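First subunit A sits with subunit B, and in the next complex the same chain sits with subunit C.
Here is the complex of A and B:
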């Protein structure tokens, strides 16, 4: 029973990080119709940004959470016009072009990171690195969970409680009509993509602090982001809460009760089945 | 062969024969290569042939039909594992194993195709991707595949033999794709689905059946190439024949050359494979290749979404040819 309880807690804590990983990703799909293959690489770059910051400044890794958010927001804001141009071209398949462009971006990021930093894994240090609370809840994971949930709630509050958020949701429903109502869709798209890059970069710092970081880590988190967003319903941001916790539970449950090597098989088969049976996500609220 | 083709199309006679001439020229070059290149360079040429064939087959579903499969590596892997297991564990001869591999790859696509092809756009892309990853994980946990340790085949070191195998497969793929996509009713049907699926259905095209056929055809060739590749490299594991790079390169080569064009994937496949090998030979660097490839993809998508082949088509624009169907 203790083992079961521990597994559930671990799963929930793990799932919390996936929330922040997938929230921005889901919004980017909803508003911009872009499936960003580079999501895992933003995670990787976020982790490395914190790593190098720590190497030079010798301060706690969590100091870089806001720094990474701002820097990645700027980066995403700057890149978005290119993506906007790609998905607005008059080719046969603008959606495909967006997909392929972000795929190229992810390959570029991964290849550059591997060339510059090699294959060796590294780790981040934080003041919580070796603390442990009752029932063996590592302080680090609890902090990451709380931070991730708080950041995502703030993000959702921004979406549902501000005028800009309203404009973003309007653009997600119908880009052309929103533009007719005076929403500056192009600028908004940049803000959305910036928010997404910032959130995902922060997820990278948390993940890097809990696990380790290497230029190859991206692919795994791209997988998880896809899973969470599809299960939660593509484009429906609140859905990621349920789906992310579920993914965390699947991860820990299969590892404890079956075998770690089945974990990925389960994730992919489930992802495929959900798409086939209920493409709007388990809550049925996706676009 | 050319008589029904000329009859089917009507006016533009010269343009259609030029395509066949191009194919004939390709065959002549493929036949002549072993007399010029030896050893290492012949192996590079073998790889070029294989990747051209893979890009051409992916183009059937991704380029002509407009359904972007991010999981075509799965069928390559099915072919590779079938040949590896049949030859190493059951002592089946290579040609028979290769044919069985092709059949199994097509069967796999016929099983997963119907449910998956109901999805469109991003959903289809993610579903095929998830499926391919599931295949890779399956090969990792199953006993018969040897798990992560892989499977070894009876080694055969004969550069000319493998060049000949790939040459036959590539020419077969090229001619079959040309006839199916550019010279048949089926080709018109898949292009109609790409342009507007609802209108295509309204015109009486059985879109589901046509899509499943296109998916199966474009899975059949990669399964054959996978089988030949397994025998060629004599050792395979889940990462080498089911990993992401296989699918990724198929897509990128087709895109680089020109999606939905006949000659584009040949161009893209040859160029990218040679770039990769050159980087490897002169800088023994596999990671810079990734960075360069990614950068090239971004450039192509932004500035030349119709692929490199569009540089050549511009000069032909005034001649009424089969390529002019894009309106």
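Here is the complex of A and C:
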């Protein structure tokens, strides 16, 4: 019974990490119609930002969570106008152009990181690295889960309880009509992308504390982000909670009770089934 | 002349005067270039060596280790004027191709290297998977390849005539740390084995598993998992079984993930054995004083071993030259890669083959490699001529090493011992609180 409980808890904690990663990704798709291929690389850069911060300043990695958020928000805010130009309606097939552009961005980020930092995997340490609670619940993962859920709830609160959030949701629903109602869509787009980059960067710090880091670590998280967002419903941020936890549970249950080699198979089997039966996502609220 | 005039006239009629002249000029120019380049390939006074290894992708770390090893040999041999064959010296030139950590890309790269660049022979890939992709290409075009890295026994079972390896395969070396631990007190009774799903790592895990059974250890679990997995669930299951030893076959990134996941759930077996990774200086720099402290592993070479040769001097001198150039400590993979050059040197000198090598000479080179028996700064290089380890350097004996506070020490065999083994391993809570 203990092993079952532990497996469920491990799955929920693992899923929690993916929540903050996927929430921003879902929002960017919903508001900006951008499928950001570089999501994994934002995670990677967030992890490395905390790593080098720790190397030079000798403080715990979690100190960098707000720092990374602010820095990456600024970076995302600065990059977004370029993406906006690529996906503006004057471009033929804007969504495809956005995908191609972000794929190029991903390649640039990964290549630059490899060139600058080399191939060796790194390790980010925190004061919680060896903390284990009852039932061998990893303290580090519990913290990451709580932080991720809190950050995402704050983010959803921002979307649903503030005027800017209302404007973002309006733009997500219908960009043209929102513009006609006085919403400055272009400025809003920069805020949205900045929020996304900031949240994904923070996810990178959490992931870097739990796993090893390398410039090539991003691909896995891009895959997971796609999975969670599609399963939760494209553009529907609350759906991300359910999908992320489900991903974590499938992973851990398959590993413990079946065979670890089949965990990816099970994850994508579920995705295919949902897409066939309920294309709008598991809660039926996606685009 | 008449034909050329007719050609130009015809072209003028079809495309106009100026384009016609441009087309003919271009054709003549290209023909001259081709003739010149063909003539240049035929008369080469250096050995052109193809290096197919993973310079990008999952195996980029190891691929670059091999690149450094091969380059170190090339620099050393060129510093002496080149390989001496029949009284004359011929320098060596390495041409690199990126296998992208993918067997198919490796095969394509090797094919291009052999057909377009006409290399004389090949220094092989880092990973066993890519080696298995490249070996059939070497076989098809009859180009000898020696790899200084790939450790999966799968490679040698195929009995490729043109593929050799300077590192003993892991089924021979994985036994060493397991056997060693069963001789320690308190005697371990059980083991859990994890292997990452690639040819080398699975073979390492299988080697640990077989060694465990031979030495009477109870194998609590044997799991093969995809690379970049989350290990917490699996390790929770393993922790429940409470094995004395955790043995993992994988690459450095997965090994770090296993160590961190073990620490996070407070799973501290009496010993953790890992292969490959702990011999890499980068791995020890990152986790050698923390999560990876007191991890046990395997090496086939040490800079402190009493070995020497005419090219590099002693093993220590090799290490010093390497460190001076790269600011890094060499591990056994880089040493094995440097030794591949010495294997080719001995074989070339035996048959007196000068560059560029013809197909017939490459076949003779292959046969000469089969017969070499040399002693280098890396150890003996002597390829098996039959059996399950066909063309592998199976005489080399492994050493057991342990990471202690960020440094690597040989703990077995006794004649090379540098440090007493730390066993049982302190729990992670003590290791991480030391910092």
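Everything below uses one rule, namely that the second predicted complex is superposed on the first by the 280 of 287 C-alpha atoms of A that agree within 3 Å, B and C clash if a C-alpha of one lies under 4 Å from a C-alpha of the other, contacts with A are read in each partner's own complex, and residues count from 1 in each chain.
Just so it is clear, contacts are C-beta pairs under 8 Å (C-beta built on N, C-alpha and C of every residue); 3 or more make two chains touch, one makes a residue touch a chain.
These figures come from a predicted structure and were not determined experimentally.
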| request: Report clash or fit for the pair subunit B and subunit C bound to subunit A in the combined superposed model. | output: clash
| task | Scan A:97 for contacts with subunit B and subunit C and give back first, second, both or neither. | result | first
| After lining up the shared chain so the two structures overlap, which partner does A:115 touch, if you call subunit B first and subunit C second: first, second, both or neither? | first
| task | Please work out whether A:264 is in contact with subunit B alone, subunit C alone, both, or neither, and reply first, second, both or neither. | result | both
| task | Could you tell me if A:256 is touching subunit B, subunit C, both of them or neither one (first, second, both, neither)? | result | second
| task | Determine, under the contact definition given at the top, whether A:140 touches first (subunit B), second (subunit C), both, or neither. | result | second
| First, second, both or neither for A:278, with subunit B first and subunit C second | neither
| task | In the superposed model, identify the part of subunit C that clashes with subunit B, out of 74-82, 110-118, 218-226 or 380-388. | result | 110-118
| query | Both subunit B and subunit C touch subunit A; at which residues? | reply | 114, 259, 261, 264
| field | Of subunit A, residues touching subunit B in the complex | value | 29, 33, 35, 82, 85-86, 89, 91-93, 95-97, 99-101, 103-112, 114-115, 219, 223, 226, 230, 234, 259, 261-262, 264-265, 268-269, 271-272, 275-276, 279
| remark: The residues of subunit A that touch subunit C in their complex are 2-3, 6-7, 10-11, 14, 114, 118-123, 125, 129-132, 136, 138-141, 210-212, 214, 216-217, 220, 251-253, 255-256, 259-261, 263-264
| task | Could you please specify the touching residues of subunit B with respect to subunit A in the complex? | result | 66, 68, 115-116, 118-119, 121-123, 125-127, 129-131, 133-134, 137-138, 140-141, 194-195, 244, 248, 251-252, 255, 259-260, 285, 287-298, 300-302, 305-306
| Which subunit C residues qualify as touching subunit A in the complex? | 56-58, 60-61, 64, 197, 223-226, 228-230, 232-234, 236-237, 239-240, 252-253, 256-257, 260, 263-267, 280, 282-283, 285-287, 290-291, 428-429, 431-433, 435
